[in-house]
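Shared between the two complexes below is chain A, which has chain B as its partner in the first and chain C in the second.
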Partner chain A sequence: MVGVAVLLALPVLTVFVTALQPVGAVWRHLVDTVLSDYLANSLLLMLGVGVGTLLVGVPAAWLTGVCEFPGRRLFEWALLLPMAIPAYIIAYTYTGLLDFAGPLQTTLREIFGWTRHDYWFPEVRSLPGAIAMLTLVLYPYVYLLARAAFLEQSAAVLEVSRSLGAGPWRRFLGVALPLARPSLIAGVSLVQMEALADYGTVQYFGVGTFTTGIFRVWFGMNDATAAAQLATLLLLFVFALLVMERLSRRQARFHHTTARQHRPPRVPLRGKRGGLAVLACLIPLLLGFVIPAGILAVWAARTAPRVVDERFLHLTANSLLLAAGAAGLILLLALLLGYGQRLRPRPLVRLAVRGAGLGYAVPGTVIAIGVMLPFAAIDRSVDGWARAWFGVSTGLLLSGTLIALLFAYCARFLPVALHSVEAGLTRIRPSMDDAARALGATPRAVLWRVHTPILRGSLLTALLLVFVDVLKELPATLILRPFNFNTLAVRTYELASDERLADSASFALAIVLAGVGPVILLSRAIGRGRTGQ
Partner chain B sequence: MTPFFLELIDLDVAYPPRKVIRDLTLRMSHAGIGCLLGPSGCGKTTLLRAIAGFEPLRRGSIRLEGIELSRPDWTLPPEQRRIGLMFQDLALFPHLSVADNIAFGLRDWKTGERRARVVELLKLIELEEYARRYPHQLSGGQQQRVALARALAPRPRLLLLDEPFSNLDVTLREGLAREVRTILLREGTSGLLVSHDQFEAFAFADEIGVLHQGRLLQWDSAYNLYHRPADRFVADFIGQGVLLPGRLGGEGRVSTELGEIGGMPADGGCVAGEQVEVLVRPDDVVHDDDSPLLAEVVERAFRGAEFLYTLKLPSGARLLCLAPSHHNHALGQRIGIRLDIDHLVMFRRGGG
Partner chain C sequence: MPKLSNPRVLLPVLCLLFGLLTSPLLAAEDVNVYSARKEDLIKPLLDDFSKQTGVTVNLVTGKEAALLQRLQSEGANTPADVLLTSDAGRLVAARQAGVLQAVQSAALAKHIPAAYRDPEGYWYGLSVRARPIIYAKDRVKPAELSTYEDLAAPQWRDKVCVRSSDSIYNQSLVAGMIVHHGEAGTEAWAKGLVANFARPPKGGDRDQIKAVAAGECDVTLANTYYLGGMVNSSDPAEQAAAAKVAVFWPDAKTTGVHVNVSGAGVTAHARNRDNALKLLEFLASDSAQRWYADVNNEYPVNPAIPPSATLESWGTFKADTLNVAKLGELNAAAVRLMDRAGWK
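Up next is the complex of A and B:
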């Protein structure tokens, strides 16, 4: 088990070790030219997206969690829909909508008779644009965690504050928000990790960040060491966020002991206040899902007859199979690690599992070069060995195969599954294990006969989450995919990069549709979770 | 030599760096129903988990029916011990029906036997018509009985009960403890209960061990724990009472503020001439209006059939007195008392 964990931590370790090599000319060149830009852009992106997701996610969570207003039930789950859209896809749609040649500016020009220099219009393909795009698709993380925190807050605490004369605003700002702070910090840290890991959006918008820098150095300058050094710098940021997230989660942790007490009645919002509440929920939903999905649908309707052919179907099947296989494998590993940790909560095991759990924080770009470096080295030495002894060349055994890709997915997305598994397991009291053991069940039997059936719901959720994550993963797939192997995500990226936004819509729409399923499932699980177990 | 039923020899159990159980030796000579009694944090649950095989030993040995189950370098896994467990939180499997919960430990049984055993147990706990229900559809008491049936199903050699009644209403507790006792006796299963509630222990067990700070102070019948406590802590923990200072004279009589106290001497290891303390239980102090000994009422608690008075002696020492409830005395009143001590329990003063 420790072995599995170490294996999964291999990419990150490789990057670190590679980065330890003395700095070369490329690195010095980077420091002299673009490094400060990368640093500034990445930081601004992180901050902007953090603030943005808080501003959107927290009010929405409070309103749908604690208040009552028209459409509340719909918003409760619909607010999660933007999760289904990968950031790079939303970036493509808004570029298509808002850039100079897009329908919006064209219409404005037609109405007012403006020409190019007559008016000012925000440039989408910019750092603020990237912040806006990432905020729109990432706020659901904050929304989810904040909402869960608000709902789990003891009714008694809120009632006490009410009996002490606190109105709804003071209950929100003075009690609920501070109590939810660990969850909010955890949510924002997650969001910021995602923002740092983003490649598709910033690449398309031409914003130089660490991830685009790594690509440039790796592919453009062919310098593995400098790429690893950039990656290490990026990881420092990521780990800082990770520590923050972990610390706040620890604070937020609590054990379910008894069934929750009754829920306080929702605060009704009528008239103007109700309208504002509807707006606060409707705007993110419109901007984050309805409009981009609508644009995609319009484009796809226009281009589908040309784009959807046998190759399209083949590509889709490829993508789905790959995602399903990876998800299954990852879930199995997560179950193994999560349960192993429960069984033997020794420091070494815990450390190993934590190590394996780092992957999600590690941007796909970094994972990819961390997989590429050792696999290529293995291939080279096996090849050299085979040539020396048998006179045959084995060529590429690992790198550039699906194995490398699957391995990267495992390293990156295991934590998603592990988190679900661990969360589920902590809800099963240890006495349950002990009872089963005392009744003659071996540890393995406990896993299959007690935990797996109880966890069925969370396992399914984990499976779907990973499935969708793999489906929309872009940078690692770009770097590691076998020659001539394509996925929906990569094809979308290729077409969009060729300025064929409308043509990419069918592929993008397929990803979005696949992503909607799990989001709905997730939202239903949330609805059920409220009634308690 | 006939082997003991359950033997715990020189046990040390630790959650580093803290030793939770120290030098604990306990021998249950024959199958039966016992209880480990102690305040919270005394290590009783840890001891139970060690017997069940969930905690490794630092030192010592655990044997059941003469066969070793645990030693410092080796622990027989819980699933191979045939020792049943019942938890405070019951730990019923939420995804299984009542019948499937009971059948959980019968996996290796033949289908027919398994079914028969489940039916038998359902009958025993009087929940036959609930077989297909799920745990969350049952009341607390019903869940309790299902947990018991589940633990008993594989016919364990010993059933360990970890405070299974403690989240029940006090009024239900003793009744249920007695009910479980009856079921255990009917099944012929030995039981070992862990509890912090002495009345629960009295209702459940034939023999009781008092545990304090990881040590076993006394393993005895309820009667003896009350009347012949071997230790100052036991005397204080079981029942109520006060320790009255005195001086041990010849022939085992102690002179105290209340005069000479005699009675069946219990061996406290004290020698004549020593300063001692004598255990005086509330029922040893009899209210007697004719008695020349007077004490002032400083506290009173109405208990229905009786009053429990706290009395102050001229020296300032306190005494508890149980009086029939028609003897209604006001605070500050001085009432006559007389000592009627059957067993003389004394400890060396200032000693342990």
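Up next is the complex of A and C:
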């Protein structure tokens, strides 16, 4: 258990070790010039995206989970679609649409004869713009986890509150929301970690954050140590956040006290309230999926005949297999760690699991380097050993193979699965474990025969989140992949970074479409897993 | 003895087999390339090379600093034979890191001018990119433009668009300025330029050109191949934007236009050294050099190659004669300088 966790924390530890060097002259320079900007921008981005995703994700989860209104069945799964769009892609599409040189502003200028100083238009490529973009593609994380929590909530609790005279708002704000807190916090902290690790969007928008700073110091000033130190600062920050989150819910218990549950009737929303409910779901869907995917489709229609060739299917297959393999592997690991922690809630185990869970806030490139260095060291020592004993060179066994890549995915995306699994486990009464054990079940049997069926929704959520994340993942894939191996994300990036956005649209759209299928399937499965059905 | 079917035995064995299978098989007629050039900008040439010579090219692309790190950490075990980068500074860094070896060949010496290669043969430039001023034809007369230095003058207040100083192109330009004007002089210039920005830096080179065309600013700095890509774009809007701007070659009477090269070197531990050299020679050959001009809109390093129609339309220019290796050495100083000047 601890071993697995330490292994997964290896990349992060490598970063720490690299950072354990004397502080160089670069720091003086950073403090004098840009560090305060990085700090302020990263904080604002994190807070903004956290608030934004809560405001969008939680109402949507409550409405589709507990209420009934026109289009509810459609929204239930459609609201997940934005998560299939990589953040930097949505940034490109909205910039293409709303920028000064884009069609919208150009048309306005032509109609009214304006020049640059005659009107005001919100600037997409700015910090608020970055918050908006990341909120649009990340709110599904909060939505998913919140919805799973609302669905797993016992109907009895809500009925009791109703019988005590609480109206729908009180039931939502006073009962359901506080009960769903572990899931909400899990969702928001995932989102915030992802926002902190984002590079593509903030870099394109010219917003200086910790992430862009790390790259600037490392690539521009050629100072890997200072870059690792910046990354460590970022990690300590995340670690403090996670610890605070743990402390805040230490005493609370969130599991149900009764096993007798049945499906609560949906609250019908009609007339004006129904209309508002539709709007609350329609707006994020339009802004987060329909419009950007539409722009991609328009671009792709123009460029596909030129850029799509026989390699396209190959890329798609690579992306799908890699994402599926990684998702399965990571889910198993998350279950192992989450359950291990439940069995032996010792400080060391907890710390190890927390440590393994830090990877998500680290930019993918940093994780990749953290994988590359120890793996190359292992290869070197195996090679040296084989030469000394057998006179043969084994060369590279791990570096530059899919194993290194899968390992990097585990280190980076484990927290996604772990958050979901843990949030689910906290809602299962410990007495259930005790009962099963008393009846002679081994710990493993408890996990497979008791927890797994109950957790189905949470597990599928975890699987889906990781699958889509890996599908979109770029930096680690770019650095660690073997020869002649490309994915849709790599291809999209290569074209987009060569500033051929329209050419990249076909591949970006393929990522989106590859993500949509699983999103729909799993959403249905989660729906079926609803308590009492 | 535990059985093979025991997962505790089977798993590591499978992992090992898998690793062996997926690590590149180092057959004799192979050459393995780490490329910081995007697949689209190099693969067609590599395919031609394979067709001509029968040597299979295995390719992995990535960012320069990451590929360099990969080479360094793999050490003597590296499968890579050739490192391709899109920036001379990285080749200098690679040489300093000890991951390249010197190779000599009459063909390379003949096709590549001395300013565009390492004096000892550790790396060779393969294509040249220039970063001139690009201006709005309807609002700026070429007579108003003269030098990079002049863009910091007050008459350009609120009229300059430039991309972020995160871009290696700007870092390398500023490194060149440091060589010519010293740190203090360059910093004063950078502050003046920042004061003239029409908007905070954002987007890529094409975005700057589009902003000039749309009237958000009047002048920008951009690499010519991006303009070339827009001229030959499938998007009518990009073509229209490209038609509204023109190229001005600055510093014609002084130090010349800032240029940098893409290039390649043979790795220190190359197992297919001969094929690696063969590949470099191919990339410097006439047909490959012509491809750089015709398809990528870059300038060939070989001066004997005639320019493509697009390149010809921009006219000729005087390039900065400074050895491009210097740009790499001053890159960190340039980044710090831009931080101090407030160039985001």
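Here is the rule we go by: the second predicted complex is superposed on the first by the 335 of 533 C-alpha atoms of A that agree within 3 Å, B and C clash if a C-alpha of one lies under 4 Å from a C-alpha of the other, contacts with A are read in each partner's own complex, and residues count from 1 in each chain.
By definition in this document, a residue touches a chain if its C-beta (ideal position, glycine included) is under 8 Å from a C-beta of that chain, and two chains touch if they have at least 3 such contacts.
Being a predicted model, the structure only gives us computed values, none of them experimental.
Engineer: Using the touch definition from the top, say if A:Pro453 reaches chain B (first), chain C (second), both or neither.
Structural biologist: first
Engineer: Identify the partner contact of A:Ile369: answer first if only chain B is touched, second if only chain C is, both if each is, neither if none is.
Structural biologist: Once the two structures are laid over each other on A, A:Ile369 reaches chain C alone.
Engineer: In the overlaid three-chain picture, which partner chain does A:Ala435 touch, first (chain B) or second (chain C), both, or neither?
Structural biologist: After superposing on A, A:Ala435 lies in contact with chain B but is clear of chain C.
Engineer: In the overlaid three-chain picture, which partner chain does A:Gly208 touch, first (chain B) or second (chain C), both, or neither?
Structural biologist: In the superposition, A:Gly208 contacts chain C only.
Engineer: Does the superposition put A:Gly167 against chain B (first), chain C (second), both, or neither?
Structural biologist: Touch partners of A:Gly167: none, neither chain B nor chain C.
Engineer: In this superposed model, does chain C or chain B come into contact with more residues of chain A?
Structural biologist: Chain A has more residues touched by C than by the other partner.
Engineer: Once the two structures are superposed, pull the chain A residues common to the chain B and chain C interfaces.
Structural biologist: Touching chain B and chain C on chain A: no residues.
Engineer: Would you pull the chain C residues touching chain A in the complex into a rising list?
Structural biologist: Counting only chain C, the residues touching chain A are 15-16, 18-20, 22-24, 26, 32, 38-41, 58-66, 69-70, 73-75, 77-79, 93, 164, 166, 168, 171, 198-207, 210-211, 213-216, 226, 229, 234-235, 237, 241, 331-332, 335-336, 339-340, 344.
Engineer: Write out the stretch or stretches of chain A touching chain B in their complex.
Structural biologist: Chain A reaches chain B through residues 429, 431-432, 434-442, 445, 449-450, 453-454, 533.
Engineer: In their complex, what parts of chain B are in touch with chain A?
Structural biologist: 49, 52-54, 77-85, 87-89, 91, 93-95, 104-105, 107-108, 150-151, 153-154, 156, 160
Engineer: Once bound in the complex, which stretches of chain A touch chain C?
Structural biologist: 26, 29-30, 32-34, 95, 99-101, 103, 105-106, 109, 115-116, 123, 125, 203-206, 208, 212, 215-216, 218-224, 302-303, 306, 365, 368-369, 372-373, 376-377, 379-380, 383, 393, 395-403, 478-479, 481-486, 490-491, 494-495, 497-500, 502
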